[in-house]
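Here come two complexes built around chain A, the first alongside chain B, the second alongside chain C.
Here is the complex of A and B:
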């Protein structure tokens, strides 16, 4: 009896999370007329995945460049670029902090540490000015680099390096292995699981960026799918016959890749999340 | 303290390793942050051609501005409600997921995947579900006799925003609570099982105190989330409507700075937010020190 109640609560939780997206997905397979007349639908409709084809191939902006495929591609670049860039930059920085006796070590440490305190949202306008002065508006570099300026991953790798046994370093010193070799041949392979875990988290974070791409891209060819939703919103608001089906398809398309990544790499994802937030 | 790691002899190598990170944070973090502080003391003329030093005037104007005060209060209430509700729900689910034997893994996946949905995506989805023309929820509320209208009613809009923010935040809390529960030693759990028959009593006298560090840490994470990461949610769902009733502090920075082009005021707001985050972090730090003891 008690077990039944436990399962009941868990199933209620699952339904709470799942129902809204089920509803949107199922509705995306209906004709626009049906949606306008009868509202959101609970059962699959007759259109199959036609709305997805439209969302992927049709131009969704003004210039014809921002198709769903293009936006997905931009988001992919952003997610991958952010995750990989962040891992490389932070692994290297953490290595310098943990393995060397630098005269300015504690200054560096605090400088990097401070970035944890202030999210991009609170310095968004001056950040925009800097990127604009550097001529990086409407570029992948401009999309990715400013986001890397927070040090979450650096701290994560710093903690991890500290748990690496000292004997490895002693052996390397006896062998006359240089610091670069030690990093590439020993430390990087040892960090593989950590890198995978951090990669999953950072990919999702990068893919899901909204405010930053919104303010710094004005050319439609750089629209990411998450910020592209804003255009969809205004299209739906302004049109006589709102293209609800395409809008729903876009929502599903925007969330599908990160959701799949999280489900497929569940174990690494949980590890990355729990470790990196510590 | 952890033992000092043995250090490598070095020349210029470590500087090359740390350089990329330092350059990035200098250009994209310290410089903009300093700019924000600087601009908060300046007043730009309407054409943006010249600016003059005005001291704390931007701050003084903010504190006498009733819309800023309202936004402040809304942000606090919103953040606490979102944090408390999503923590409570997640804790309940985590305790149950930890105790059932069947389908534990499926529950775990099904209760965590929403983490990957961007706030902006959640907001747009909710916009349709709460939509008065096609949405099922506003329909259901109407049938229950609640004339639900988030476009004009501040309570309805806030209710909607909190519900969606909670939806988005439950999975993260669930993951941390479950990890916390699973790190409680088996022997301790068994001893508790023998000593204390009542489920709820066992939870409140043994499990919950053991989870207290996790909960406190999560509270800080959640407040930060509600402060900053709900931007996408608000921008797609309410845009601060009706009449600024759902404008959080972060959303106001964006509205005043980008849409209103009032750089001085927007920068002063940024600086106030920085101070708020510093306070939150200081609290978190004190707690982390305690946790090491524990």
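Here is the complex of A and C:
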């Protein structure tokens, strides 16, 4: 009886979260006219995956460069750049803070930490000015580099390193391990779980960036999928028929890669949690 | 100097605190097994870590195999250390754990293979070489930790309470293994423990520490039979030595805590006098010192009888089947200054003289 209730609650939760997605998907297989006339659809329509074909290959803008594929690729670069870049930078920062007798180490740590109080939105104008002065507008470097430092990730890695027993470092010192070797041979393998967790979070953060690429890029070839979602419905004005079917398809497409990343890395993540022992 | 390890005037202060180690001196022969023993916080680990180079010392010097290593990095000192929690690399297999230090020192593959296999065979861990440390029992991990120290054939082994995470039975077993292995390899070793049984059984020489200072250095026999101070006498030996405060009345007569007067040998002329008697040096047929029995602990081969002399507890260890008596005699005893803890005079065997009641 208790079990039944538990399952009931879980199923209700799943339905609550998945129903909108189902509606989106099913509706994307209908004609635009049906959607505009009757709203969201509960049953599959006649168009199959035609909207997806359009979403991927049709260009939104004027230059013909901003196809779905291109936008997905741009977003992927953002996601991977964020995830990998942030992991590398914050691991190195945390390593320096925890393992080296730096003068003012804790000052630097708190300095990094206070940047949490200054999100992009607060410093967007100076950030833009710097990137523009460096001539990095309309480039992947400009999209990723200014946002690559992460106080959150640095903090997580710092906390993790602090749980690594000192004896491990001492044993390594006796085994003739230098600072670089220790980092690569011992800390990095021990941090795998942590890296997987940060990767998931930061990939999604990168993928979902909207404001920064919107301001940073003027060329259509740098449009990301999240920007594309917005643009596709603003084409209403030109054709007078908002292409809802394509928009829905694009929403589904935009969601797929982050979901994949979560699924793949979650396995690794859970495995690491179960296996890891310091 | 032909000594393998020479430590002179080692002082270590952490920050601005009182020194954790104050002027430690020790000279160790090649192949010797030295055990540092003392209560928690007396500076044992600090000394060991200073020798390893894991702590920078405040002053003093350390030389190993004729070379001054005081300012060398740990890896350059030709020492290996076994840690209390083993400190095995969790993500590496047993083989990789053993091989890692060799690899970092530029040994070639064949050489590494041969050394690892040899150490593994000696420690009987060959079957576990492909496993990760977490798939091993405590005793097996302990062996791996020993193996990691052995493969490099260092000039000095350091052990920091390597057995304290094991259960009593395994501990006794591993103790023997370590002793055998050390004798076989002939490597000079320094072993830290707060377990005095471990100290007695393993050591060629014991260093008893208290509050960052050496109380006594000597063979286990010397430490046991000829303790240099009240602290050493009370710390070494199970069950612990009994101490009774007594008053010297002159003419080798003392007054015991139960107001009884007793004639003993070589009573020092000291104001604050403490007599120390080991539980196993008490004669149950002596009829000299009146005692009251409180409690008997059965240990199988022997038994401990907890008595009282006046207000003061006195433990008797015996293997005689006696459970009731009301007077005992001291076979062997030691004199201490109860104020300074210093040892007074020499140990004496009691003569068969009647005590005056």
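One rule holds in what follows: the second predicted complex is superposed on the first by the 246 of 278 C-alpha atoms of A that agree within 3 Å, B and C clash if a C-alpha of one lies under 4 Å from a C-alpha of the other, contacts with A are read in each partner's own complex, and residues count from 1 in each chain.
By our rule, a residue touches a chain if its C-beta (ideal position, glycine included) is under 8 Å from a C-beta of that chain, and two chains touch if they have at least 3 such contacts.
Small disclaimer: the values here were computed from a predicted structure and weren't measured.
In the three-chain model built by superposing on chain A, chain B and chain C fit together without any clash.
In the superposed three-chain model, the partner touching more residues of chain A is B, compared with the other of chain B and chain C.
Shared-chain residue A:137: touches no atom of chain B or chain C. Of the two partner chains, chain B is the only one touched by A:97; chain C is not. Of the two partner chains placed by superposition, only chain C is touched by A:186; chain B is not.
Of the two partner chains, chain B is the only one that A:117 touches; chain C does not reach it.
When the shared chain is aligned, chain B comes close enough to touch A:21, but chain C does not. Looking at the shared chain after the overlay, A:210 reaches chain B, while chain C stays out of its contact range. Once chain A of one complex is fitted onto chain A of the other, the partner contacts of A:171 are limited to chain C, with no touch recorded for chain B.
Across the overlaid complexes, the C-alpha centre of chain A sees chain B and chain C at an angle of 90°, to the nearest 10.
Between chain B and chain C, the smallest C-alpha to C-alpha distance in the superposed model amounts to 8 Å.
Note: residues 170, 173, 277 of chain A belong to the chain B contact set and to the chain C contact set alike, using the contact criterion stated above. Put simply, chain A touches chain C in their complex at residues 165, 167-168, 170-177, 181, 185-186, 189-190, 275-278. In the complex of the two chains, the chain C residues touching chain A come out as 49, 52-54, 73-75, 79-81, 83-85, 87-91, 100-101, 104-105, 133-134, 148. The residues of chain B lying in touch with chain A in their complex are 2, 5-8, 10, 13-15, 17-18, 20-22, 24-25, 27-33, 35-36, 39, 89, 92-93, 96-97, 99-100, 102-103, 107-121, 124-129, 133-136, 139, 167, 170-172, 175-176, 179, 199, 221, 224, 228, 231-232, 235-236, 250, 253-254, 257-258, 263, 266-267, 270, 273-274, 277-278, 281.
Here chain A touches chain B in the complex through residues 2-3, 6-7, 9-10, 13-14, 16-18, 20-21, 23-24, 35-36, 39-40, 88-90, 92-93, 95-102, 108, 111-112, 114-119, 121-127, 129-131, 134, 145-146, 148-151, 154, 161-162, 166, 169-170, 173, 178-180, 182-183, 204, 207-211, 214-215, 226-227, 229-230, 232-233, 244, 247-248, 251, 254-255, 258-259, 261-263, 266, 269-270, 273-274, 277, going by the rule given at the top.
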